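For reference, the structure is listed below as structure tokens.
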């Protein structure tokens, strides 16, 4: 059994890690940490798991965590991860980090998150084998050999997967990602955004040209097509707890709409071929929605084509494929397990 | 024109007072106060009223407010009202207070709200004509001559009106009010209760035997039937912004179910007769719901009868009939206007 | 492996049976029937299960179903079950029926559902060992030896479990169940009730004294306390997909509030003792809500006590503990498996 | 008083026409028709208006309607309007038609709605003064002299207003409208789309390249800038009863991002100038949302600017500015009343 440590387990991603790992046949949770809640039974916070999980929040040192765990998943705020990840790695354990700290080149990170990076060497893999691998397994086979994964952001996961096949085919000239997210992505702390009277019967566009997840999208699509730089991203919060629906408006290069890729079937086939060995991406012949994937690690994709615009719609559960589920998918690959091991929890629908 | 002051105008009840008074032909708002926001345009906070309302939040003394206003509506927290109401009344203006400070006898208030009452003389009308009248106009005709109104709580408004006709007929032995409220009653400040992931797709029972609105219900039904003391109240929060649906389970005295009042039509007629001159109570021949009254000052009532139990369902908008609208209804009566003046805003449905 | 047939698999309960059985280590689905959809892949209808389940809807005869299955779960409308269940049982398979056809004595059924019973012999167990057992395992240990189970209604499951310990202690004089249900209980077919503009931001009381689930509640509590006949039930639909919260207002016999059972701790202990060996009932020290049980087979219970009234709140997922999950719980017991086998799916929260 | 006839008054737009006209000082409703419901009191269907409105649904001939009314508002399905509008106009009354029948050139209409046009002469104003004027008053001053108005679709209203100032300035090269609508636009009839379990906690993209409202958007923006033809439209349904939020991604011509219009303030000022005399368009310095306009005739607009992309967000109530309110706005102008007469109903927020 792989022994798992969860650092920062009191939030939604912590709860989801526990929920999902409870059904994993090859992993068991050894430690769940919380500075604030040390000594409190985990199910006092995650009440829905009562009777299913017995651990108590602890607050051990990174070294103690590392010595007790084969893998540590860090679910701490941006900026906090780079304070603990080096100690964990240096103590010999493996790490999947859910924060943004290791996803971007240092300069981009510092510009985007307005803080200095204190562990720049591990970004980009310069410290031997401990450099961070961007943990989107569908695009990064090197996850399999990694000791340290930077788990992608929730929006980037849905956006990148929606456009990757066309980007890989060098067909996209201009990409606009218009995303609609459930509010759990904002965390457990009440805020004006999550205040029910502000969100119910409503939808809110925010950071409409400046959201911090844009650089991840640019980076990953740029790896597939270096000439694709016109990428825009506008997020919205909708009255939903879970899920991100991304509507990708992809304008194709001139000529792409009149060549062999010009019909719906051809483009759908391009997607099917691209994702044929990716068990968590389901290319659909209809437009998927959030209920198709709720609670599961799937990313469902559907599309339409008109003139030179392909509209691709992807649906994920932001807490699963957008965070905790993807972390476990990465874990499976890191430890040589089948990618889907313990992770085929069916979606909850209706 | 009646000049109105709103003390504490930054919350939901403040916004609703402005929304409703904008359509009132005989009243105009002279002052809106907020200590915290003094100097800020009101529509910076109540953005939906932009272009319709020009005042800026001020922070004048009670005396200044009183000298500028014919009526002051105080929308401040429990405990704060008794600090300002005396000064307003002594300066010669009239007052409708939305807080709980003057609704209950001093001893009951102090036990319920766990604080000392600093203005006990005005509770129960001992200070000349300045004693508080309980502002439920359907039961308190003395509102018409009052200078000071204690506006009822939102839950009590719906609960009392659902049971008053049967209580007045001395038919009720046992009353259980099971109420379901939208979350706007908890105010504009985000909290765990109003956090969307906690409330959506959910319902929460709270203070299930101990809610502070119970004494108001007991007091008012007790005025109609002194022997009716078995009164219970359990509130819930539902995924709705506005509205309170109260399901009143009224167990009748033995014999009531076999006499002349034993059939549905007779009891419905009892309700219609009781409320025949009350323009804001609509007795329905079906079970009403929140959409029937959303945004309006109506209280809709429907019922069913079986064995010795009458089940009455009342629907109100908690921010209107349960607060700001009822305050204006009281104002109309205090100033000799028709009860419905400027207050027949149609409900918003769907 | 236990081979399972699902008769009438296109609705929500069918989808849930598949979702839950996909994770069951000792059962596999052999047949899913639908007259209307025969020949259609099951995942064309239950799209969320795409990639996880390969069967196609079929329309075989009852005899064919019986010969291929160790257990058949019938998820067909009230009145239709009694047309197929006899053939299934006579062909030698076991049956769990989700309909109301076999839950009540014939006379009560016929009065409640306004139709003649065509298989009266199996109600009450008069046909050898093929008589229906009421499948609420927490109260009916005889489920373990049964060949035919009448699975309870969703509302009765939550209501009965909320009151059973006090009823068993002969303490209840009067019981009022005020229940609030998600709308999935009304099925997959769109209706005025499920029309989003009618349900969102709303709550609807319906059949407030006459709901057809009342006789099940009366029957089961009556088994525990023959003198308890004053039982009332009022259902509501709330803006939620899943879940039933039942607020049980239990008026105790005179004296019960002053004796040894008069305090909260004693009553809570009574509940804990009653359910100590029931793995799916979680007695909580707070008031549970729907998120605590969403997607799971748990029934969570919390309570408060004041004067002579105990208010008990139970929360279930109506499609799981209120239908498909309970069917699998019954299956586990019928086949000698651990009661929780394959059924400890953690709740989905948030 | 202007006498109004409402043809087809049983749906949501009919209910809204009545709600809004109840507060109009210069108009009164003379007739409300419904073939199916003739003889039924209007408030049996629009229960929320009980006590406020006394008419009964009728089924008179077009001539009878015309003789009793100064203006008839037709709220009937697409295709049905062209069967009744000619008779109304020929009988001498004026008409505002809410259907799509007269919004588009005949050929475009027939291609889009897949039916022949039976009254082609009135499209484009070929029948004297009875030709249809596209009733978006902010762009069509000729509404003031019109006898016949084709009221725009709900999506086009929000989309066109979001882009008109930049289109009028000939700055837009490519326009993508990503719209999110409440479900009331789909009408009162329950459907799979409006089924609560399908819509709650979800969002659905539909007709993502083919929606029938696209030609209206193309037509109206083309009037402002004949060279602007790259226009795309993707609608979504969100869990909301009312409202449409349109996120307009407007790619500017090369050079527009480096000239005098290149900063946020300049573009905001362009919008303010364009709408300075349009009382129902509120240009905001933040991103508006649906609560800002709920129940009102306002269209709120906010925007951001980055590189060569302007993202404009507009919010309307689809039943008011997107249908019934705009019809009354047109009426006011047709009859020489102030544009806002009776139509400044404040939004309902929260």
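The chains carry the letters A, B, C and D, assigned in the order they are written, with residues numbered from 1 in each.
The rule we apply is simple: a residue touches a chain if its C-beta (ideal position, glycine included) is under 8 Å from a C-beta of that chain, and two chains touch if they have at least 3 such contacts.
Source: prediction; values computed, not measured.
Taking each chain's centre as the mean of its CA atoms, A is the chain most distant from chain B.
The chain pair with more C-beta contacts between its two chains, of C-D and B-C, is B-C.
Taking each chain's centre as the mean of its C-alpha atoms, chain B lies 40 Å from chain C. Distance between chain B and chain D, defined via averaged C-alpha coordinates, is recorded as 37 Å. With centres set at the average Cα position, the gap from chain C to chain D is 47 Å. Residue positions of chain A touching 2 or more other chains: 12, 184, 197, 200-201, 239-242, 291, 294, 350. Within the complex formed with chain A, the chain C residues making contact are 12, 15, 18-19, 22-23, 46-52, 184, 200-201, 241-242, 279, 282, 284, 286, 288, 291-296, 298, 344-350.
Taken together, the chain A residues at the contact with chain D in this complex read 174, 176, 178, 180, 182, 197-198, 201-206, 208-210, 232, 234, 236, 238-243, 245, 247, 249, 251, 287, 289-291, 294, 304-307, 309, 311, 313, 350. Across the complex, chain D is touched by residues 12, 183-184, 188, 190-192, 194-197, 199-201, 239-241 of chain C.
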